[in-house]
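Note that the chains take the letters A, B and C in the order they are written out, and that residue 1 is the start of every chain.
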């Protein structure tokens, strides 16, 4: 058994290539409905979508744990359907559940994982300790995993995925349920893996901030299909200009506020159904917030609150699917309970 | 809107509501109902069927045959474990947070304990009736008159109530199904350290000593005597049964106070 | 199998064994419960040795075979539950991403069960001798007894592995506890088959493979080397192992799904 040094098969410029990927479960839903995507070597690809969109199903197929129903995919240059063993030599995966044995210590997990991956016996302990140290678990290495916090489990999960020095790393919602500090430290590690070690990372997430922060490119998936793909900046710029949201100090000034804001708007204003806020997406070539403030001041409208919203990936999702990303996984008929907006003609 | 009912009426309402809910869960959930019905039948068949030759052991002189001899033990075993399984349900309720909902809704929390106790008795009655029917169908010799039959049922229900209150006390203190082994192991031990297979005089060595002081022993022997149409030992068995129930009722009530103090 | 495979089997078996040792809540009952029942039944059923035709005057010696089977059932359930939990938690997916092969996984899981069986057997043998049981097979019979105990652990382990792969759920596995104990109770556990009075019960005991496992172990204690009893016991072990190991191999293909 060779100890992989991260070399890949043919087509090494593209670490992951997917064409028409389909997964139809028997007596179940069409979970993945013809996905095309590619991930370049050394890239962090963010796969963003709500619960039930097909993210994890895609990951399971690409990591050879779920047979494809249709289409084809190559990972590390090897076909996932016919060259599964070779694919597995190239990849590491930290799946949705941090599947760990609560009765074993971190070191024992490392011992098992290194042995199963064929790491030479003389190198196993050193390799295990190196990774435990790297993810900040050195002090807890002899404690049983059953007593670990969620963040510690995730870190161990990541370390175990790196045991055999894979060139491609799959992370399935790696920070779900973690506190902000744990999340931040995991992000730093992922960034380091990509920048310092040239690792290709395929990351699924339902957190906008995570995709925005980490991903070089983002694919947005909804109901088994990719609805948008590009760099975060590209996707957001498709939406257009930022939006300005203003709340009048005196509710009686609302009408005047609407009239002023309309002058800056592209496509009408939006009214917050439960509050007094008025929101407009700025037209191109505007003077931005400064211009809005000047006009409101000139009109004598006092404000209780003023915010500038840059387009987010949530806006991208809303634009493509008609639903917000938050709560979208609960079903298409589930709308946001608060903050529902209705368009008012400009 | 009518004024809320008070005192005893409220206690009764709570008790009946809790009892109904538990009994409903029991009879509509096959995962609960089937084991509760099958286990006692299994033990009855295994003991009475597999060990019947024991009635040929020198000194074994029970007049109604080995089937009846074992039935007396198995019905108590079924009653006791029926009580323990009630405790499992309580532990699950508190672990899931449902117990807290009950405590919020019921100002008289002891009505909750009473409700669980009532459901335990009802479950024991259902299981006991089935076991009794099977035993009669398999040829068990019954020499009891109607009053003695009532005594048989009464002793079994006392054991059921005692075991239910024991496991209720544990469940309310730990409020987790992890305490399951703690509920059932002592009951298992106390049952099997009684004259299970042969009468007390035929037990030897250490088990004779232990069984002689085991409170379940007079109850088992009284059951066997009632089946044989005799009132021997029934008085002492009834006293022991009532004492067990009283003791464990206090245990359960103090358990409820602990649960209250912990906020459920 | 090459060196790598042996290493994989060893590591999986080591993990399986460690897990069992580190769960005292399951380990303890598997050792203590059979011994408790042995103590109670020995004291409670000693009068049965006076029944004409009873093969020994010591019920302890007669009943000592039963803990080996009870312990095997506990080990079956515990190791099966561990495997089922691995399926449930996704740990099996973690193993699937490594070069670990299905046969190595099975061998390792069963190896862990057998290691546990060895510990249990040592306890039962020691307690039996300490309590005064006679062992007609003598010193030469000890390795035979240990071999038979390991065979029982292995064959019951195959059953537990198959069931775990089918149910894939730790709680469901535990709920099957009574099913296995039915097989124990409807056997020659408490009385020799020829002394079972009820015809239907005797028929069940005659057909129950557990009866032959018990009688194989029992024969070493009360007879010595009974070729028929030992042959039947080892034969049943081989048959159970063959059937359930084959079934487990097929079931593993649907659990350890990999392209």
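Simple rule for what comes next: contacts are C-beta pairs under 8 Å (C-beta built on N, C-alpha and C of every residue); 3 or more make two chains touch, one makes a residue touch a chain.
Predicted, not measured: the structure shown is a model, and the values here were computed from it.
For chain C, the chain with the farthest CA centroid is A. Chain C has the Cα centre that lies closest to the mean of all protein Cα atoms in view.
A separation of 56 Å divides the Cα centre of chain A from that of chain B. Averaged C-alpha coordinates give centres for chain B and chain C that are 32 Å from one another.
Note on chain placement: the centre of chain A and the centre of chain C lie 49 Å apart, centres being C-alpha means.
Every residue of chain C that touches chain B in the complex is listed here, in rising order: 25, 29, 36-37, 39-41, 43-48, 50-52, 175, 178, 182, 185-186, 189-191, 195-198, 200-201, 205. Contact residues on chain B toward chain C in their complex (touch as defined above): 31, 35, 38-39, 42-43, 45-46, 49-54, 56-60, 181, 189, 192-193, 195-198, 202-208. In the complex of the two chains, the chain A residues touching chain C come out as 1, 63-68, 80-82, 84-85, 87-89, 91-93, 95-97, 99-101, 103-104, 108, 111-113, 115-118, 121, 144, 160. On the chain C side of its complex with chain A, the touching residues are 4, 7-8, 11-12, 15, 18-19, 22-23, 86, 89-100, 257-259.
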